[in-house]
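Note that chain A is present in both complexes that follow, paired respectively with chain B and with chain C.
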Partner chain A sequence: MTKHSIMFIDDEKIVGDMAKLSFEQDGYEVETFLDGESALERLQEKRFDVVVTDMKMKGIDGLEVLRTVKKLYPGIKVIMITAFANLDVAIEALRDDVHDFFPKPVKIKELKASVKRALGEA
Partner chain B sequence: MKIQHKIYLSNAVHILLIVLIGIFALQNLNEILTKFRFTVIAEGLNANFLEMRLAEKNYFLYGDDTALDNIRGRINQTSDTLLQVRRDITRAVGAEKYSELQDNLHVYTQLIESISTARHRDAAAQKKLREAGQKLKTFSENITTLESDRIEAIIVRSKNILLYSFWAVVLFAFLFSNLIVRNIGKSLRKVVDLTRAISKGNYPKIEEKPSNDEMGAVISAISVMADELHNREKELVQSKRLASIGILVAGVAHELNNPLNNISMLAQTYAEVYDGLGKEDRIGFMERVDEEVERLRVIIHNLLDYAKPKEQHLAKATTNQVIQKILALVQNMLDISNIKIKLVLAEDLPYIYIDEHQIQQVLVNMATNAIQAMDKGGELYIGSRYLPDNDEIEIEIGDKGKGIAPEFLDHIFDPFFTTKGDSGTGLGLWVSYGIIKNHQGNIRVTSQIGIGTTFIITLPSCKKLKRCTDDEA
Partner chain C sequence: MQKFFFRKLKEVLGRDRAASDLAARFRAFQAVLDGNNRTLEAMTEMGEKLGGDYLFDVNYTKSAYVHLHTAISDSLRNFNLLTGHQYPQLGNTLTRIDGLVQRMLTSAEPLSALLLVFYPEITWDLAEEVGGKNYHLAEMANSLNLRVPEAFAITTAAFAAFLRHNGLEERLGGLVTADNADLAKLRAAILLGDFPDDFRASLAVALEKMRDRLGNGATLAVRSSAEEEDGDFSFAGQFETVLNVPCKVDEVLAAYKEVVASLFQVNAIAYQRQLGYELGKLKMAVGCVAMIEARASGVIYTVASGKDRGRMAISAAWGLGKGVVDGLIDADLYTVVKGEIPRLVERRIGNKAQMVVNRGKEGVEILETPVDRRQIACLKEAEVLDLARQAQAIEAHFKTPQDIEWAIDTTGRCYILQARALRVEELTEETAQSLKTAEPTGYPVLLRDQGVVVQRGATAGKVFLLQHLDELDKIPKGCVLVARHDSPLFVQAIPFLNAIITDIGASTSHMASICREFNIPTVVNTGQATVVLKHGQEITLQAGEDGAVVVYDGIVQSLLREERQTGAKLRELYEFRRQKYIMRYIAPLNLVNPLEQEFVPEKCKTVHDLVRFMHEKSVQALVASAERKGRGLGRFFGGQNALRRLALPIPVQLLVIDMGGGLCSGTGKKEVDFAQIASVPLRAVLAGMLSPGVWQSEGAALRGADLLSGMTRAADFAGGGDGLAGYNVALASKEYVNMSLRFGYHFNMLDCYCSDTPRNNHIYFRFVGGAAAITNRSRRISLMAQVLAEYGFALKAKGDLLVGRLSGLSREEIEKILSQIGRLIGYTRQLDARLDSDEAVATLSRRFLAGDYRLDL
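The block that comes next holds the complex of A and B.
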């Protein structure tokens, strides 16, 4: 059975590092990116099963990642993480068919449950 | 007194003057008319006397009795007339002269009667009669001349008085309208000054009690408007301050949430993967936690540092000296970045009244921003000049760097807003803005992408803040 692949985008390096450690232990294949640009570049080459992205980033932000992913692979579920929950941004993300929305600090267990739902495993 | 009332009063005075002049002219005309009528009567008397004298001559020449009848008729007529105009004559020449005239007429009548009865035409009687006749005629001629002279005198007097009154009315009108115009002009200038000051954002307190007229009402209304505007501005500043606190809180939340999230994720993952970790890995985890805690500590320290209300040490200072001092501070940065400096400092600037340390902090901040915007080298422009209209000093700091995108310009003074990525705290311009506002000054920014950015700081002069006397400024 092929592993499910997850893309993590966050300009905080620790987020990616910890997510990689934690999710790989659960048997996922994880790639981490520190900005939207490199992530979108990678998406041109490889389809991921789930994308988890930070909302506020320099350059290409979470919303733009969400839109691009939906355009490239309408089936991929996108989970958004934000350091500061802003209702306007949340509404905009929902309109663009975000799968889930997590404020920081993130509970990894909840994130994992959400990823499972996104993959249709739960 | 209200302007309306002043104009009413002026009109009333004008009308009164014109009525007085009219009454005077009317009186003079009446007097002239009376005198003229009297002159006509006097001329009539004169003509009568002349006829009497002619008849008298005829009688003596030809002894014609009809001449005597003619004279008698004339005498009767004259007596009647004299009775009629007795008052006029009395008024013109006095009662004495009047009775003298009557006596003369009486003498003449008697002489005529005696000549008629005696029928003698001796030279002595003739002479007496001629003398009496001549007296009558001279008298009536005198009256006529006298009255003519008086009429002329009245006309001359009227003419003069009309002429003087004309000038008096003109002068009064000129002085009064001048007074009102000057009054209104003074008030209007005040209104202009006030509105100008208000439009510049100053709210002058009107100390003196406004005059009790329409202009006073206008000035009071403007004063009320200025107060209202001032209050609204204060409210606006307050709401902006609250908004900026909101932005600050949001910024703080975001800044704190990231390291908190990192610590949280480190802890959660640590517990999850603990069994698979070696000693080094575990130490690595804890070191990363400590780094994030340090990050939090720095943020909190910075915030406290900025939030702490610093005591201002205000003193008289020279703008150009402050600029020279900060240049020494940034010189090293300029050299490293290969940036030239262009100084355009105006001489004889008035003193400013500042906390020099704080203003230096602002200028260093601006200069540092400018230098960082010119990572490929360039020119830093620093200028100072005096704005006499507002009694303010303007400091301009410009770079030929990248420029700021228009959508960011509105936010550059917001706390935690930075275009510098991790190298900026986003607090520098926010703090600078606060410092300049505390100095009752202002910061503006203009920027064009690819051309550069200019910050313009204005500070009130020491004198404007009433901290320096004229001599010191």
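The block that comes next holds the complex of A and C.
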């Protein structure tokens, strides 16, 4: 069985680092990115099953990542996490077919459950 | 006439101030409680979010800390109002804590500009300046009173000054891309480096001090002590140590440069990368530690193997420890079963063909051991056990298994040279993957989904059913503590416990914070753990993240294995550790027992300590001011219709001052009865005093003095010229009472807050006096103490003074205990004439607890 792959995008290194360790323990393949640009570039080379992105980032932000992914790779599920949870952003993300939306700090267990759902495993 | 008028006016105004002062103090008291609550809530929340179960970023930590800091500042401001700025040290402590946390949050430079610090001067807030290894060693001497060699630390501030002086700071920035050749150049530049004048000068002073203490021939070990060294990570063998350095400035400086340069060795850099360090950020302090003339030395692992945490292994060889550490010598191996009284259970004598000895300036040398000493044990049993006891203390203090280096000198004195965290084997990924969360079969379920999970986890052990707080020091290591209530006094046992389960308790209590800090699986408020679980029974507790609780009969190995692997690796992220370290200045509780001498502002090191200290002293301050203001206020309050005489069907005369909500509205002008008391705690204590059978007024019990003072003093308060002096007074609000009751020579003082928020609630009870012979008076104290201990009071008794404190219980529990105190007040009032033997004390206290108030023996 091939491993499922997850892409994490967050401009704070600690978030990606923690996510990588936690998800790798469960047998996922994980790559982390500190900005939207490099993440979208990487998507041109490699297909990921799930993208987990921070909302507020310099340059390409989470909403833009979401829209681009949905447009170019509609099969990839996107999960959004943000420290600045507000209703408008959430609604906008939902409209853009976000798979799930979490405020930070997010419980790792819940994020894992959401990823499983995104992969149709639960 | 005019003179008289002004005097009278002044008097009335003075009383006005006194009254409003008391009201203001009461408001301040409540504000302290409120601030403390918010602080504890913020602390709990941060502990949870930073604990490894959540993805968080630095913005979260910053905002959560601001929230916490605001709450504790509010608390402190009101505390200062309440106590009239009696404890200015607390403000300084909070400022220091804030400085340390801010430094963690912003990765700023250390606050202190100290270049050198002798070990006895190393305080809690200097941990970062002196580095992990120095800090741990100094801590063992300063906090645990263990013998460590004479030593001083050269700080990270000195390190920074040295780099700056040689223009090397910028080069550290380029380390990320440095190759091996760059590193070699950097090391060479360090070895050629020069020292600032003040660096040299303070070193010269320190070395002179060392020569004074140890003699001119003394030599030093110059060792690395990097930021986290011996903390979560050992950096074992990564950095240089220079042995046998004479106490001379140039020699020590040369050794210092060697040690500092080793920070940039290829392997050390690789190790830093592995631990997620941003290269060039790791700061190095250095320790200059007196060399010990070792007869024997070795290493202790406080956990002998991953499977058996109850045993420790002590290895020993002749001469210096290097032989053992480097694995050169077939050392003796002693196995000790840990416990209150450690036991030597196995002794394997090695064939110690060689030994490492100190050759002064020539360094160390490996010699052949004289044949007749090779197969002789290095340690006597008493020495093994002495080492074991020290190792247990160190493990308990640092809360994780330890790897300890020790030496015994030629005069037989034992020194601890180093202690660092011992990594105990963890499960491999394959075994972890194969274990799933299926419910184990074949183990009866004793408890399911009862109680509140304070700290999740799966653990097992034998039940220790705690009956009395004085059994705390009898609790064996590795057991599951089962108790009726939670208590911060458990802290002395918590590091050794596998789990705690209580009948009653809250997830925000002091104990709960401690359990989270120590990572001890804990469930409170199960209602019936002490009934269902039997002393000595082996059980497994599974406390889930989602609040699910299951207690199995027996040891369920599959659950325990699964627990060990989850969430283990996050510690290897530097940023994660750094954020988590902030909690070191917030969550640990050092001030546990308010009756100890250690309960002073100087001992506050964390936010939690501040909360605890302020709570305790606020109660005292309020009691003191209520006592003070209770006198002389009679007429003032009388004029405000706030003061009533309480009519009771027992010979107790009591005046009630209503501070708001203490009495039902629409009560009479002068007198009220029990039914009109609205104050929850006052009602509860009076209900106890009015219990049938408690108030025995017949026969010999009522003696002259009692009759005279207890019954007559409340007389006509409105006509008295001395205010309330000498009267029995209760200051009461809806949730609070402060009551003083005097019967002849007996004096009872009760201060109680009783609300729907358990954390705010407290009972403070004090009893003094008695006219009978001193032995009988002490017996009465002893009887009262036996009864109060039953309810978990922290007690202090001396002669005929008894002070008891209790806090954090629910409103219902407090009411129940107050009633019992009410009964006790009535019951013991006339007791000492009866207490002519210690057996009588035992008999009567047993009877009292069983609801039998007969005094005849």
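Everything that follows uses one rule, which is that the second predicted complex is superposed on the first by the 122 of 122 C-alpha atoms of A that agree within 3 Å, B and C clash if a C-alpha of one lies under 4 Å from a C-alpha of the other, contacts with A are read in each partner's own complex, and residues count from 1 in each chain.
Throughout what follows, a residue touches a chain if its C-beta (ideal position, glycine included) is under 8 Å from a C-beta of that chain, and two chains touch if they have at least 3 such contacts.
Note that the structure is a prediction, hence the values are computed from the model and not measured.
Look at A:Lys58: by the touch rule set out above, it reaches chain B but stays clear of chain C.
Contacts of A:Val15 after superposition: both chain B and chain C are touched. Contacts of A:Gly27 after superposition: chain C is touched, whereas chain B is not reached. Residues 12, 14-15, 18-19, 21-22, 25, 83, 104-109 of chain A lie at the contact with chain B in one complex and at the contact with chain C in the other. The touching residues of chain A, counted against chain C in their complex, run 10, 12-15, 17-19, 21-22, 25, 27, 81, 83, 104-109, 111. Those residues of chain B whose C-beta lies close enough to touch chain A in the complex are 250, 253-254, 257-258, 260-266, 268-269, 272-273, 276, 288, 292, 421. The part of chain A that touches chain B in the complex is made up of residues 12, 14-15, 18-19, 21-22, 25, 56, 58, 83-84, 86, 103-109.
Listed in rising order, the residues of chain C touching chain A in the complex are 49, 53-60, 276, 429, 432-433, 545, 565-567, 569-570, 572-573, 575-576, 579.
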